[in-house]
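Labels run A, B, C and D following the written order; every chain starts at residue 1.
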Amino acid sequence: MLEIVENRQPDVHQTPAGDEIPVDMMTIQMGPSHPAMHGVVRIDLKLDGETVVDSDVHIGYMHRGFEKMSELSTYNQVLPYTDRLNYVSPLINNVGYVLAVEKLLDLEVPRRCQYLRVIVSEISRISDHLTCLAAMAMELGAFTVFLWFIKAREYLWDLIEEVTGARLTTSYTRIGGVAHDLPKGFAGQLSKALKDTADCIDEVDGLLSKNRIFYDRTRNVGVVSRDRALSHGWTGPCLRAAGEAYDVRKAVPYSAYDELDFEIPTCKEGDAYARYAVRMEEMRQSIRILKQAMAGLPEGEVRVGDHRVTLPEKEQVYHSIEGLMNHFKLIIEGVRVPPGEAYHAVEGANGELGFYIVADGTGKPYRCHARSPGLALAQGLSPTINGSMLADIIPVFGSLNYIAGEVER
Amino acid sequence: MFDGGFLTTQLDKVIGWSRKYSLFQYPFVTACCGMEFMSTACSHYDISRFGAEIPRFSPRQADVLFVVGTISHKLSPVLKRVYDQMCNPKWVVAFGACASTGGFYDNYATVMGIDRILPVDIYIAGCPPRPEAVLDGLLQLQAKVEGRTTGESGLVQTSG
Amino acid sequence: MLDLLIVLGKIAILVGCLLGGAAFLTWVERKQSAAMQDRIGPNRADIFGFTLWGLFHPIADGIKMLVKEDLRPRFADPYIFPIAPLLAFFPAMVAFAVIPWGGTLKFGAEPDLLLIPLQLADLNVGILFIFAVASISVYGVILGGWSSANKWSLLGGMRGASQMLSYEVSMGLSAMGIFMIYETMSLAKIAQAQGDLFFGFIPAWGIVLQPAAFVLFMVAAIAETKRVPFDLPESESELIAGYFLEYSGMKFGLFFMGEFIEIIVAGSIITTLFLGSYQIPYLGPEGLQIPGLELWAMGPNFIAILQCMAFLVKTAAMVFLLQSIRWTLPRFRYDQLMKLGWKVLFPLAIANLLVTAILCLLLT
Amino acid sequence: MAPEELIETIRERFGDAVLGSHTAHGDATVVVTPEELRNVCQFARDEPQLRFELLLDVTAVDLSKLPEWETRFELVVHLRSIENVAILRIKVPVGEEDPRVPSVTKIYPAANWFEREVYDMFGIEFDGHPDLRRILLYDEFEGHPLRKDYPFDRQHPLVPLREAWTPGIAWKLEERWGQYARDRGEPPA
């Protein structure tokens, strides 16, 4: 922990020979408004030359009170707030939240809906990894990679826009289903976008993965062993880069993941390059999942037929009093969820994203807590950068993929 | 010709023109809107066409402060300080609903619009605004920059 | 009197070319990056409705920086803070004084023959002068970083100083081979010597005689100009803007322009030492003499202008190469940079020097 | 391992310290006394058949708005066993006066920031926590926002707020929003 003490003793620099030289170390604040601290985070650094002696990570600059706001909203009204948790992959948050509520309701959604959720989640996952790696590469100086990856992300966002009507903040899922079915001709668009994205990934693979400078900058930088990663509470690509093949999609399959064939990429090294490599491979796996899911997409409804949960069709609302009443009650009072508590986790882009919901029988969640993978990642940042160089903070921080909205909620 | 302010008005025109096409931005990116900000800067929408692609992360060298995303009370002193550090003439763009009004985060943590802290020149609506809306906002800002030689706040709203 | 006028005229041409070239380079950089990244790049600034592919954007940048508030932070050093940008800007321009950029113009007849060498000053230690002057620009970096009273810029200044000093060593050493071969340090003589032919048909350019030195010199030159992958002093994502973090307005503009002028100077030095300077292969003082063919006679002034153009084209090509590296590679880390400078480039340069020396001794 | 077996194992080991349990919605839940929290966590982590290696989450619930409640808060700890693919929820009742629980950071270092967040949001203090500071909010913030009695829009600005609207436009907005702003106790625009 970093303390600023009046009249402190001079710091000590240890030479390789073991001698101690008194030095005046530099205390410097990195962030909250710093180009590499995407989102807003502040790292108080104590530097000996360019070596980080001690660091203290301050978060909370983007705390927006998600949990308080969700206590004031009905269950479906919470959805837009979940969009803005991990704003790079909002659809995974949507899916995670509704799955938690459906667990409380003991609701089984139709197969087609489950497949749709998988499809949109995986598109989101790719776009999240693209953004993460793009930002990481840009901060290391490879600016062109950034633009190429954002270009690839644009293909995926066009798809998302096609499905949900919005580019980023989608609110696509509903309790008991999804908002609407896929548009016509989606399969063709998907396969074209996936091909373009895969091409882009391959291009960057050639430009960056074997680039000597990039390799040197990230290999053996920010090494985190499996045990230390677990002790920080890390999950997701960062844990998998340390050698633990833990993935919620495989461990506790939800939606349709148990019917799809994919692999969990892992690395042993646990450094920034391993995290980069795992993310690259995960994007390819996601493309594989998407192809399977699109091929095996079952026919049927996309919402449950239970009118205690889903809104009636517009025709009923306009032409029958029962439909109107039903609509009114659901909108004003919300879906009534029986009292109880439930935790449901999905594999977010950064790791296990869980929602812990306590219901009290009304239409609003009594307590809605998001277990964000990012908070655990962020608390492992300080021990990881201590002792490394100032420039190493950038690849380490970039490979952790700090998303302020998710960490600080 | 020389007494009627012809030279000064022409000079103002030239200066306004140069400022208009040389907007170095300070991206104060905090939240979701940053993703759309990235999109605007990148290949598909390419903000560089308007000469505004150079981000200067030093407030001294920036002309326009893009406040992108929610500003919480904890962050507000930082934003204020960045604004104070900028050199005149300077402009402020409130990017997205949260920066403009606080958005739907009407609670204990969030500043309800950055205009409670700074004077704002352009508000870009949307949660987050689409890149097209951002470009529209930029064009409006350019019109405003060209119109006067010193930055003073007014209220220009763009549809988004 | 006439001599003075001629010198003043040459200075005016040089300064104009350098400033214009630097401004043009900012445009080239923006357009080039746009082309590499699937974008369009700046194209909106117009004068009377003409946009000319965005060529006016640098002009807009320049005017804007001139009229931007020029601010000195409260804790910055009141005297050194304003001097630092000048120290970074002018040495780069002065270095150009000794670079020959063409042959000799001839006017008049024998008694009052007027010879105008297309070079500002031919010093017999020309290249040493360049190294000496270029090392002054280190002061601009370190003083700018220190006097801003900002920790980030201090870090940037420190990085810049050690980087530029380290790479100057290998830069100088790799150029030594050239002096040995041409047995002179005067750039004009080096340029002349490169007009010779080797075995009667290979141009005796520096790159032919010293290929290893060329690569070493080029790497060191990129490091000297502080461009990616060696842009540590100003690395945007680490040190925000590095040593010129606190500078605004035209002072920032001077740092900005100085960097591009350094690129032009670096490109022209590489051209002078390794790419045959202004020489065009087989173009002698009488005209084009391709081995085995008849002489194609040309006037001396026409040849001088052709050579001048050749110099421009070669320099432009080098600058373009230096620029495109910027958009491809990530950035080094500080210790890796030092390792590359001292453990790779430095021994290689010495080895190259040794080999050259032995060969020179054996061949003469 | 099925949730029922899990609870049985913990009940066997800790007996009376387990105040309650349920397996609703498939998650094993045990309520334990604050004194035994650390021991339960230790047991869950080290017992070879449990191996709850990963601490997912520490959070709390303010029970005061529920129809019936005994203690004001409830601390909730989620553990995940990677080997057994199981989840264990440990709940601890926390009283209203001097809310205090033992910290589990010694057993699970990952609890560090989660506990700081609970302290920040609920004001529950953790004995033995190495660095108990506010994490999401700032030191000038008074109160703990996730308590049910904290009004959702009570703000503690760090910079003086200025008048938001430019003159000329202000009067129009005053007509529409003035009453609303006054209702919420904001200074008139």
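Operating definition for what follows: a contact is a pair of C-beta atoms (placed from the backbone, for glycine too) under 8 Å apart; a residue touches a chain by one contact, two chains touch by 3 or more.
Bear in mind that the values here come from a model prediction, so they are computed numbers and not experimental data.
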Centre-to-centre on C-alpha atoms, which chain is most distant from subunit A?
-> C
Comparing B-D with B-C, the one with more C-beta contacts is B-C
When the C-alpha atoms of subunit B and subunit D are each averaged to a single point, how far apart are the two points in Å?
-> 38
Between subunit C and subunit D, centroid-to-centroid distance (C-alpha), Å | 62
Taking each chain's centre as its mean C-alpha position, how far apart are subunit B and subunit C in Å?
-> 37
CA centroids of subunit A and subunit B: separation to the nearest Å works out as 29
Expected list for subunit C, residues touching two or more other chains, is 37-39, 236, 240
Subunit B, residues touching no fewer than two other chains | 42-43, 57, 74, 107-109
Residues of subunit D engaged with two or more neighbouring chains = 137-138, 145, 150, 152
If you look only at subunit C, which of its residues touch subunit A in the complex?
-> 33, 36-39, 151-152, 155, 228-229, 231-232, 235-238, 240, 327-336
Contacts from subunit B onto subunit A in the complex sit at residues 28-32, 34-36, 38-39, 42-44, 55, 57, 69-70, 72, 74-75, 78-79, 82, 104-105, 107-110, 127-128, 130
Residue positions on subunit D within touch of subunit B in the complex are 137-138, 145, 150-159, 161-162, 164-166, 169
Contacting residues of subunit B [partner subunit C, same complex] = 14-15, 17-22, 42-43, 46, 48-51, 53, 56-58, 60-61, 63, 87-89
Subunit A contacts subunit D in the complex at 1, 59-60, 63, 65, 67-69, 72, 103-104, 106, 230-233, 235, 244, 246, 251-252, 340-343, 345, 352, 354, 356, 358, 360, 366-367, 369, 371, 375-376, 378-379, 408-409
